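By letter and in written order, the chains are A, B, C and D; residue numbering begins at 1 in each of them.
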Amino acid sequence: MCGIVGHVSAGPVNQQVYDSLLLVQHRGQDSTGIATADGRTLHQSKKSGQVREAYRTRDMRELLGNIGLGHVRYATKGHATNLDEAQPFYVNAPYGIVLVHNGNLTNTRELTQQMRERDFRHLNSSSDTELLLNVLASSLQDNVGNRHLDADAIFEAVTKVHSRIRGAYGVIALIAGHGLLAFRDPLGIRPLVLGRRQVTEEIAEAARTYRETHGLSDELPEQEWVVASESLVLEAGGYEVVREIAPGEAVFIDEAGRMQSQQCATDTSLVPCAFEYVYLARPDSVMNGISVYEARLRMGEKLAQTVRKHVPDDDFDVVMPIPDSARPAALQVAHTLGKEYREGFYKNRYVGRTFIMPGQEVRQKSVRQKLNAMRSEFEGKKVLIIDDSIVRGTTSKQIVEMAYEAGAVKVAFASAAPPVRYPHVYGINMPNAEELVAHNRSVEDVRKILGCDHLVYLGVEDMAEAIMADTDWDGLEMSCFTGEYVTGDVTEEYLEFVAGDQES
Amino acid sequence: MCGIVGHVSAGPVNQQVYDSLLLVQHRGQDSTGIATADGRTLHQSKKSGQVREAYRTRDMRELLGNIGLGHVRYATKGHATNLDEAQPFYVNAPYGIVLVHNGNLTNTRELTQQMRERDFRHLNSSSDTELLLNVLASSLQDNVGNRHLDADAIFEAVTKVHSRIRGAYGVIALIAGHGLLAFRDPLGIRPLVLGRRQVTEEIAEAARTYRETHGLSDELPEQEWVVASESLVLEAGGYEVVREIAPGEAVFIDEAGRMQSQQCATDTSLVPCAFEYVYLARPDSVMNGISVYEARLRMGEKLAQTVRKHVPDDDFDVVMPIPDSARPAALQVAHTLGKEYREGFYKNRYVGRTFIMPGQEVRQKSVRQKLNAMRSEFEGKKVLIIDDSIVRGTTSKQIVEMAYEAGAVKVAFASAAPPVRYPHVYGINMPNAEELVAHNRSVEDVRKILGCDHLVYLGVEDMAEAIMADTDWDGLEMSCFTGEYVTGDVTEEYLEFVAGDQES
Amino acid sequence: MCGIVGHVSAGPVNQQVYDSLLLVQHRGQDSTGIATADGRTLHQSKKSGQVREAYRTRDMRELLGNIGLGHVRYATKGHATNLDEAQPFYVNAPYGIVLVHNGNLTNTRELTQQMRERDFRHLNSSSDTELLLNVLASSLQDNVGNRHLDADAIFEAVTKVHSRIRGAYGVIALIAGHGLLAFRDPLGIRPLVLGRRQVTEEIAEAARTYRETHGLSDELPEQEWVVASESLVLEAGGYEVVREIAPGEAVFIDEAGRMQSQQCATDTSLVPCAFEYVYLARPDSVMNGISVYEARLRMGEKLAQTVRKHVPDDDFDVVMPIPDSARPAALQVAHTLGKEYREGFYKNRYVGRTFIMPGQEVRQKSVRQKLNAMRSEFEGKKVLIIDDSIVRGTTSKQIVEMAYEAGAVKVAFASAAPPVRYPHVYGINMPNAEELVAHNRSVEDVRKILGCDHLVYLGVEDMAEAIMADTDWDGLEMSCFTGEYVTGDVTEEYLEFVAGDQES
Amino acid sequence: MCGIVGHVSAGPVNQQVYDSLLLVQHRGQDSTGIATADGRTLHQSKKSGQVREAYRTRDMRELLGNIGLGHVRYATKGHATNLDEAQPFYVNAPYGIVLVHNGNLTNTRELTQQMRERDFRHLNSSSDTELLLNVLASSLQDNVGNRHLDADAIFEAVTKVHSRIRGAYGVIALIAGHGLLAFRDPLGIRPLVLGRRQVTEEIAEAARTYRETHGLSDELPEQEWVVASESLVLEAGGYEVVREIAPGEAVFIDEAGRMQSQQCATDTSLVPCAFEYVYLARPDSVMNGISVYEARLRMGEKLAQTVRKHVPDDDFDVVMPIPDSARPAALQVAHTLGKEYREGFYKNRYVGRTFIMPGQEVRQKSVRQKLNAMRSEFEGKKVLIIDDSIVRGTTSKQIVEMAYEAGAVKVAFASAAPPVRYPHVYGINMPNAEELVAHNRSVEDVRKILGCDHLVYLGVEDMAEAIMADTDWDGLEMSCFTGEYVTGDVTEEYLEFVAGDQES
């Protein structure tokens, strides 16, 4: 899981990229990177951990320039702090390009071989982002010397990229001395939204001083541009939403702030990832025309109806969410069923590490480090607990135990998403199939494992309706619930291959 | 504002202190410190920032021993990262003592002079904690050579400390080679709770290996002890609550895990700080017999009645909290008034810094970095917004603006606490009187400043009833609402003195 | 000024590169970098400061692989700690190449323009090393796809490089998945020496374990190879000197440890840099067949004869060197003239910084921080002080003052090199012409400035004879003494251009 | 081995302490500490490693005030980077004192017990410096409350200290709000010298600005004072030598720069440590009236006569020193014997670490990392190598091997000090007796171990005469050569006790 942002500003861009990264921080907390272009010179800083702790004044001071991009990342196990795998990636030929990417490619093995044997480009990591960057670089290189690098040449290269790579990807790249490029996979699985704001006189004044000092052209752009994984970045930054970048589309904003765009793929359709709505995105974002918050309310509504069918009304008095992501669904379940809404779990926001001292063994991390049950809300009560989804089931099992220990006499558990039964190969980090509690298990089997009195899942159709509402999307990417992979190239053999190594 | 914890364990104490500090992290995020005793040797680590980022494996590896204490701190402006002011403080004579403190002394000027001119002890900071430690050390020193240092001698020294210092204080100290001491101010203004857990066979086994390696006595204590600012630390750590330490009482736990206690003050009474219930404490803590969560529900209940009196029922459709602390009150207001409860504000949990680049000016930090209003919850609606309290008023004013901008047609604002009109001198960080929006202003004056349609405050009596319920407390420390200071030594001249410098 | 080393080892190469860098540390102390190849994967670490303080265990742990190179650098003023300018530099296309370089290119302006307008390669610094690397990469790229990258293809690329670049350069490059390349400028201005050692059974055993763990081919090379700026690296590491790399020659050692070499330039000749012998190289190195130590002894011999001509024998009793580099010459002067050799100056090896506190001004650094005069060696004596050369003259002036202050009755000063009158553009850091004390000044003028009783310089012819002895070199690069630049492209206009910016 | 400095300045003292520490850096490179007093507030910074790398601008910025002291330290094996053992040490009662110490106490076991059982002061390390500080604090505490702390009270306390502690010590302490104290052991074993310089108008001007900003009295002292381990610190800093502090004497300089002194011990005599002259001190220092450089020349003179007796004149052609400390002696040997002086060994000044990678074993550090033999100086020659002393013998053995390998046909080895046969307990770090090559061995036995043709040691009497010359000292501390310990309390049992743990 990753969050990406890109900015073309009138003045210095470093603080803007930083502020935007904080707003997508929920999409990944393991590492972060920022790159900026100060005329032809690129500056870059990659760090472990969260944005707030990662960058210091001295880092920001070196991130000069008015065009920039940034990245936050949730790393797969064991690679958490390996900065060699951290984005952005850089190539110096042709032109000098840095690139960030949210998503996952599914034909990395073929591409890696091509790079080595045909393109003779060096890959220094196992990251599919480095691979994607080199495919782009290679496509741009084909043109080198033939003609000037303009938007058309760039769009031509993106077209070649689309034809070579498979998978889900939102991409932002910075081409030194030229501008900012953004494009999205032909199925629109991963999100990417474009915004702009007018260069007010206040912004202009600060920008003029900066541009003069840094030898930038004194012609101010009329607008400042932003590209980001989520629309809330635009709203919080005072940008107007221009539109979501269309599946297969590429957008290029040059150094003077002129924006051009072009459809670079054939056979496009819009099939967004369901998990953004279920769990990943912030509720105050709007994606592909659908408010995440309202989608969650609707999932709550549908879930309420399912609960009504499966759980006797006497078997629960109160409805309570697992904070924070299940709150909208739970509110709607309570409201729809006319039950009292209570907050019985308190989320501990300051979770630390377990230090392994010499001679000690690793201790199991407990959900109790993250959640605390408030006894007065459970004592003698029958509770319906709502969570956004159930993946491994270990957390849910512990939550059920905590509820009983806090005095609940009955515990019903409801998931605002369907059972997660298959791997996710399009950029959401998930365990292998064997670790999914619902993999090859019936709902009743899972209920026994969790140990609750009732277990309710939202149905697949209900979820799809709740998320898609009255949009004209071509479909919904929900392979982890159904096992149907929309890109058509995901075989059993491939799933076994990625079982050992999954990357956002 | 500070949080403190102390542990006497069977085995290594470092991870326990660390885990407990995370659980009081909400009481202060600017700096933190841990000290441990490994037999007679003391180890200490002080850091800026939050616990999670502060300590690394190499720090923990040096914090050897089975007795320890820790501290988290919210620093006053300008001192945020000055580790010279950070707790714990240490003196090497007599015995070697490290000490942490939550609260604030009100006779620091007299004490500082006495230290210099009578006790000849060196104070290297302006911290009242260093002062308090030296008063304790000086009282212990009077006995040096006369008799063995036992619990009685320690309680005698605490009695002297009570007689010399004024103010509010929860204190935990570690006396090298002896044990852990905790005591609380004679009015019980600041909280401090004592817990224990049995040394299970699992704990005992790990402890035995550790004690053998580190040359500790092989006689295992029967119980492990914890002292902390809040009871949730005990609950999360699997400790049973023994009791709250009584006002004026001192508790001493020796190296062998034997606990002794004694009342060390005369004229004690129980007058807890109201602000713990209003804002500071975690809802899942119980303080002085009162659940913080339930006190907040009751404040919501009383606030609902006040709202009913002052705001026409037609003037609001939905009730929404400012997350997170106002949530219980808002839930109860909605429930009591039969209005719909909605969450229209989303809290951005990843707030960063504004970097000042050479030549730039400081920008105003905006509440928009912390909160986002979800348009669909405001568009065309009449909203009642609940916050836990109103201090400066600047945040509330911006929240009201955000609600209108998001499309609200009417905005009522209610504070679950009375108007804050006077400085707080007992350990809650607050601005000077002049910066308090309600200082010398009527509610209507404040409403005009905030710009909302209605403004409702909970009454002082209502708050007192909601917090105290049916307890037999002697009173409630609520000077910041009433201007009546319970220690009797707070004069106008003193308030002017502290106007420039207020400390936890 | 820079020092470079490259290694192809049987086992892990990191410690070998580190050890070798320490041995060329005298050639530059401002920054350092190491890169290694672990199969196809490259690892790199760049640091400010000296080698000993720069690398920690965790850095070394990441420098995996059996092929590696390293760099130490004396930075020009103001860029000392800018790691963006630090070597090695890396390009990922084609093949993945890292490169280090000792020397200076003289046609950087033309090359930079070509890179931008013809090769479309991005330069992210002002370093001529990055430029050189990109010229090499561009030459290799021309072949990509046409045929397999073998030694012949590499030598062809080096031939193109020689034809495009002008100046002085010793270069070591690592081509990922292929091997180590080294080449030297067609005039042999900068030094580069090739060594090898047999893979003993002890080395082989350690190497086998390593290769097995790291997935390297289990076929051990028969020899380990080293390339370095100075021969003392070979001697100290137990390597046999194979030969100095010839002017214009390229040497390529593949992953299996097979060495191939080829002359890649036409019109080569051997015109080594005089300053290596005068000052830069370690006395225990042999360069181009000449022992640096013995060259310095011969310069002392010639200087003695000059002194005899110009200084009355009665005007000095003792001869003393400025430690450390003038010691061999001084010993020889004393011996030849039958005067007593004494060490009157003590060198302070621990020189620190002058911290600028807020509100303070920069203080002039004094030679007294570096040297101390021992009074007993000066009191009432007539001294002849020998230094290796006189550049700015400020140090020499202060030394003369110190000698008088310590009680000397007469002070003669002799430089073991001729007057430095012109800029050095081939990789020795020197001030601009205006700052050279001998620029446009007679020896008598300089004597007056230094304030000594006698001033003697070694003659240009004498220096040339002393250094070249009976070799068959084609000449000696001594432009800073004569103003005659051997590459033929150094114009007045160029000298003005570099006056502002001179690099390693 | 340690170096200590203390300063009372007119203006800011931080840079002065830093500069002085660099000048005693040769006395210890493992850790360093600085403390300063800014009025009553103390500031302190302790670091691992050398002074130059240890302190950064931000450290210096916090070392405010005009009185300060500093320390450099050579740590015993295994404690090298343990900052808990690093100086200065601090106690806050009474008054606030920080202290640094050069030397070693011999009754630490009794004192430690007294501290615990009688003085009830906490010792948090095994450092004898912390112990010494607490003895001083305890002595000062006895007076607390009885009368004002003036120079007399301080001298009284030092008198008590002398009566309680045994061993060798030079001490500098800073008493907060009072001034700088320095004292020396009653036998004057360790050195300590006092200097002053006039406050020139230039110094005064800078100082006035500083004092005004920092709230210091505007009455400038007439003189600035320095106390240091070696006189070269004074000379390099432009201070005049006032005198060496006499054995048993204490000097106190108050905040106004007034100096007072008093003899605080009875039964004093002057018995300086021989090893300062043999090895530790810088040649440009004068100690106890004797120039270290000249003492070394005289040792060379005496050594020449011994060589003449034991080595046939035909058996060596040239004399060469092991750089740097043996250079004066070797020059004198050559001169006296009329042999040629040559420098055949080149010292590698940049010695690094051997990194232990996972799975690797520790490699033996070789003298070859430190020294390189120049073949041309050895080939076919008969050499006499001079070193300052022979301790373990391992280095000497390798040097002899190197000389033969470089082509020497005969190798004679001479030590400018007598055989080291016994432990040093007065502050010079040395191995245990068993590791000394000359312990229980004849000179011929040692010669066989070293493998040279001839081995010559300077005689004990010769060394004493060479060092003491025509002074009126009471003796020379040379126990490591003779086994006679001047403090009279060093028993066999004590030597066994310290065998495991020796500290400077």
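As a convention for this text, contacts are C-beta pairs under 8 Å (C-beta built on N, C-alpha and C of every residue); 3 or more make two chains touch, one makes a residue touch a chain.
Just so it is clear, the structure is predicted and the values come from calculations on it, not from any experiment.
Under the contact definition, chain C and chain D share no contacting chain. Centre-to-centre separation of chain B and chain D, using mean CA positions: 50 Å. Measuring from the averaged C-alpha position of chain A to that of chain B gives a distance of 36 Å.
For the pair chain A and chain D, the distance between mean C-alpha positions equals 62 Å. Not a single residue in chain D touches at least two other chains. Under the stated contact rule, the graph of chain-to-chain touches is a ring, a single cycle where every chain has exactly two partners.
Those chain pairs judged to touch are A-B, A-C, B-D, C-D. On the chain A side of its complex with chain C, the touching residues are 40-42, 91-97, 118-125, 134, 137-138, 141, 144-145, 149, 176-177. Put simply, chain A touches chain B in their complex at residues 12, 14-15, 18-19, 22-23, 25-26, 49-53, 55, 57, 60-61, 206, 209, 213, 232, 235-236, 282-284, 291, 293-294, 327-328, 331, 335, 340-343, 346, 348-360, 368-369, 372, 374, 376-377.
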